[in-house]
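Please find the structures below.
One chain, chain A, links the two complexes that follow: it is found with chain B in the first and with chain C in the second.
Our next item is the complex of A and B:
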């Protein structure tokens, strides 16, 4: 416990320093010169972080921003809000997670959703919330399903630590994930049946929203597809889910039943060139 | 009489410890009597453990199904947004679901619970319950297009993500609301030792849940999170406001499942005497405030008339008066006892007794 508490205080100290840095830099700098993307080493990332990383890479590619991938095993502790991968802009600004990145880029004039009207912007926020539900399900799949936990998650998560910490850290993380999943409304009934039902809900909602359209939104005047941040987010998640292999993966099967989603991924890849850049280390 | 199929019961009936012991005792007695008349095998065959709980269930529920909810207040049939959503859904469909308020035979935070007596099943969470009701042809969303149906799922998840979290935050983790609303409510629902325990337990639970949502670090303070919570809830309210526009309901002139869900959350903010930023945010969006009032008037006219704002003030005043009277009377009684104890007459009498 002593080790952990000192560890946590150190993290919070570092967090406050980082936040101060962030505040100062956002007011001063407006140009983006260099981007460093800090990620887990390949093969040691978990499903949720892989999803987030794919969407971030796709979004950066879409904006035409080039980035450098750096590999560090302690990304989780660099992050200020528990989301990773972490992006460092101009060596000073630290941005963690997709939603923060979208806000950061929007402040600097990089936006894919300028043409949308008020109603469509609302729609974008609504469906982003739906993807948050999918995120909770990803966490559930990798942490709370016993097969995946013992064979994939635990070895990957404890690869960079030695014995006493490798027993303590996963315990805390698992508890946190349990709480996060439970806070989605299913306070006591966390089971894999729930997982299937929830995933089906999300998948059918996405399918019905897409309908015959190529992407989520269309230009009002020309009728052409508009690729927005939402497309990057959804594509990133779906692509990572379909590409990952896990011992017990009911979620993938539930999503795979909706062939419309697979078609959507292929369409966006071929037509609009949404694809994550190959990793350079 | 005893030839009925007996299955294991929903776990929330088992968890009440006293009930469990009581059931066990009754089961043993009945088994003993059966053993006298028939044989041991026969008694175990027809009376496996917990069978008495089934009889208890059958006696208790004369209906097909029953919805367990948190008791209502502030002019609403239930104070919990999730329970209120299910009740409003049934009300909008014109379906009378038998209600039962939580009386302390409950362990956990999973209300609303729909118990289906015939199948001996139970369902939790509004989505599951409404899904079951739709399956039973209690529905009103047939007229919606697939796109609108998908919007229902998405907006529901948005509301649980931001608005529900914000409501729970201001009810439980803001000290003023906790002391003046939730503690008195729990005192009225549970008996004394339980009321304090359950309230503390629930507070801890809510804190854990909200912390888990916003940060994976345990050391973050609540004041840091409050800004984020209320920012996202404000955005959610704005989205709902633009979605509603000048319509009567979200999807035109006919109510849908989503209206029940939105109304449940907004009316808790509007009708409760909660002191929070949420109330100001909702007050600024006039179309949402009117929408909530309209649905409240239409579907709960009696309750609405009982709890007008002036009435609410009176009620609050009277409850405060009652508390004051109670505290004053307690002091007076204690003082009286003390004076009687120290009174010279009594001491004299004692002395006389001693002399004798």
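Our next item is the complex of A and C:
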């Protein structure tokens, strides 16, 4: 299954390379003056958005860009592509989600993966796609596992709405998530066993890639760790998954079996200072 | 009083009318005995047939007419010694067309033969009402001025027996409408003395040559005779609808006749009874409040006014296809007061109604196409259920189900309840709103204005594509529960292009209870109009609004906020061009406008009479606190043309914004607006 999806990713990768080539001609050199990060109120964000938020914050920190966190309960609707949190650059550009942010920054000359060779860049895209599957699993965990849904997701999601919206909106959202998860994972039948298997799949793939390296990539010349966007992304997801408490959390357990991943998180935190400064606002 | 069907049968000019009659007789050919026999059975004289379908306007007359139907004789056999003059007289009297023709073809010279009383065949045919024979006789040169012993002309005869068709033919042939008999009676005097002669009176009164002031040898005018014989009805009918004359429309009734009208209208009357026929599903208690006012009429002019009003009121109930109000009986009581019985005949409309129409309810530059199904009169008291689908410029699509329940007390209130779903596009800011709304509305008349109390629950989603970031931050689902009151008092002479009067509206909204919105919103609008010098009229419009938020964590969304600018408010700016993109929680606007009819003759150009030119000064501002309102008010001047088309007012202006902020979207130059409510 992994092979199959990697193959798909290779095709989409070529497409994205072409896109990037096109983009080079239109590279803009806008300076980044201000960044507003619009997020859910603390405590009401769900697992997927918490993961994404951590990744984004880590990436921005790594680039040394300072941002202001704004709390809005309607982030989901502000977003143009359904991914959140939402970043607003210079009060005009709206950037939603991690991958859009990477692209946006790359166009403006902010990149962590310049030192990589072409093969490594391909690898990076493949593992980025792997994290997409992790995202689907996060959505599954939050929305489609009944315990989590009733005890965590539903109260959090409806905390800022009143009845009858609090009854209608989760219903629609749940349906939407079901479709998204089903289509993204190409699963015909969604079950907890499936979740476990998928999570293990992803985890073992990540572990395998890491081997005994500190980060995913190494500088070819010096042999030192290179912190790339992929590290930010993976760290963000893993960290958020490990830090979140859910009533039924088989995903966390499945990931926890791979102690290499926990070690990785600790390592990048301590060695490379990847830490989302949540308290900052 | 609705003489429409009469009008339809008589509205052609006299000439064409006579022509028409001729054609009809030609078509009939020369009837054989058999044909005639069937003709007799089928139709009484044409006049009563005509009155049959306009019974409503001359109900009194008809009943009398029916008793006088005389049967036509097909053929008369004479013994040889009867002279041809006598034969002609008898044939003319009995309506024997074939015989008349036969005699005249051989003996044309006896056309004006007279009997012992001086009656000619024409007299006889006239009082019997044989129009075809009258025509034949006139064609053969019968003398319309021939006199009987009493000096009656054929018109007198026709008038005495209410033969309208014959009277028309005689008048067309050039007889004297004011011919005097021995008693100095004109045909009008003759007709006025009989209950049965309404139609002829009607005809004569409308003839421009008729002199109503002539006195007979008793010194009475025809009207006085009519009054004493309680026969005002035809006079009323004749004058009730001045444009509906049986003669050519360019002919107008003489001044004397008008004076007569005024006099007649002042006659004291008493309404004895009002009867309504044709109610089936509609309950009586719904209709009665509309009928009661008519009982209060004390003279004819008020009665006619009330009849008209009743007709309109019943029409607005939307329950009847056809409503005919008629004076059923006109008599006098012991105190010599004229008594009137009214009869209203209605035909109930079908329970199901499908409709399509174009409307505008969201203000400016906006049109909606509606398709609806209405189930009317559900429980007999005009309750209705309406299902509507709408597609338009601002409402991209929507549907609604509304239940209506009117109450017919003094306040004429209406209760409405419904649910609706609408998708709307805000074109100025390019965002969409999807609303699901349920509301209950109670409308009533209050203090000379219209008062509306409504409760509403609204689920609204704001979404869209490329919009400014500030608007994007408003996106999402909102729930609003609101209690609203609106009071409008409008005394303007014209709601679209007013010259006098004023309009005031106060709108208050309390949003809160449950939902995301918690505020009090007040909006005031006033307009004063007055006529000024040189044909100019002036209008001063003032408006102001305020939203006061009641709690900090629940806020007011963009869809509730005030905007300013556009052809309907501060001209010279694009719609909502002031204070983009988010609007404000306070606003004010003021407009001063001078308007007059076009200076050149409007008849040269067909649309000219619907047009006015105007010059205006507009000012306005909006903001989120008091200081915003004072700093930098927007100001614009300009002039343009106002046009009234159907229920809409259209404006084409050249506007110059004088004061504006860089953030505003100004429209310096031509600007077009169509809508209902303008500043």
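Convention: the second predicted complex is superposed on the first by the 245 of 281 C-alpha atoms of A that agree within 3 Å, B and C clash if a C-alpha of one lies under 4 Å from a C-alpha of the other, contacts with A are read in each partner's own complex, and residues count from 1 in each chain.
Following the convention adopted for this analysis, a residue touches a chain if its C-beta (ideal position, glycine included) is under 8 Å from a C-beta of that chain, and two chains touch if they have at least 3 such contacts.
Please read all numbers here as calculations on a predicted model, not as lab measurements.
Visitor: Between chain B and chain C, whom does A:88 touch in the aligned arrangement: first, second, both, or neither?
Guide: second
Visitor: Quick check for you: in the superposed arrangement, does A:221 touch first (chain B), second (chain C), both or neither?
Guide: Neither chain B nor chain C is touched by A:221.
Visitor: I'd like to know which partner A:118 touches here: chain B for first, chain C for second, both or neither.
Guide: In the superposition, A:118 touches chain B alone.
Visitor: Classify the contacts of A:132 with the two partner chains as first (chain B alone), second (chain C alone), both, or neither.
Guide: A:132: touches chain B, not chain C.
Visitor: Report for A:31: first if it touches chain B alone, second if chain C alone, otherwise both or neither.
Guide: After superposing on A, A:31 lies clear of both chain B and chain C.
Visitor: Now for A:212: first (chain B), second (chain C), both, or neither, which partner does it touch?
Guide: Touch partners of A:212: none, neither chain B nor chain C.
Visitor: Scan A:72 for contacts with chain B and chain C and give back first, second, both or neither.
Guide: Once the two structures are laid over each other on A, A:72 reaches chain C alone.
Visitor: Just to be sure I read the superposition right, which of the two partners does A:179 touch: chain B = first, chain C = second, or both, or neither?
Guide: First partner only.
Visitor: Which partner, once the models are overlaid, touches more of chain A's residues, chain C or chain B?
Guide: B
Visitor: Across the two complexes, what residues of chain A are contacted by chain B and by chain C?
Guide: Of chain A, residues 76 contact chain B in one complex and chain C in the other.
Visitor: Quick one: in the complex, what on chain A touches chain C?
Guide: Spelled out, the residues of chain A in touch with chain C are 38, 72-74, 76-78, 88, 91-92, 94, 161-165, 168-169.
Visitor: Would you pull the chain B residues touching chain A in the complex into a rising list?
Guide: Touch residues, chain B against chain A: 82, 108-110, 124-128, 146-147, 149-151, 153-155, 157-158, 160-162, 164-165, 205, 208-220, 235, 239, 242-243.
Visitor: Sort out for me which residues of chain C touch chain A in the complex.
Guide: 459, 461-463, 469, 472-473, 475-477, 479, 514-516
Visitor: Inside the complex, what are the residues of chain A that reach chain B?
Guide: Those residues of chain A that touch chain B are 8-9, 11-12, 15, 76, 81-82, 118-119, 122, 125-127, 129-130, 132-133, 172-173, 176, 179-180, 182-189, 197, 201-202, 204-209, 211.
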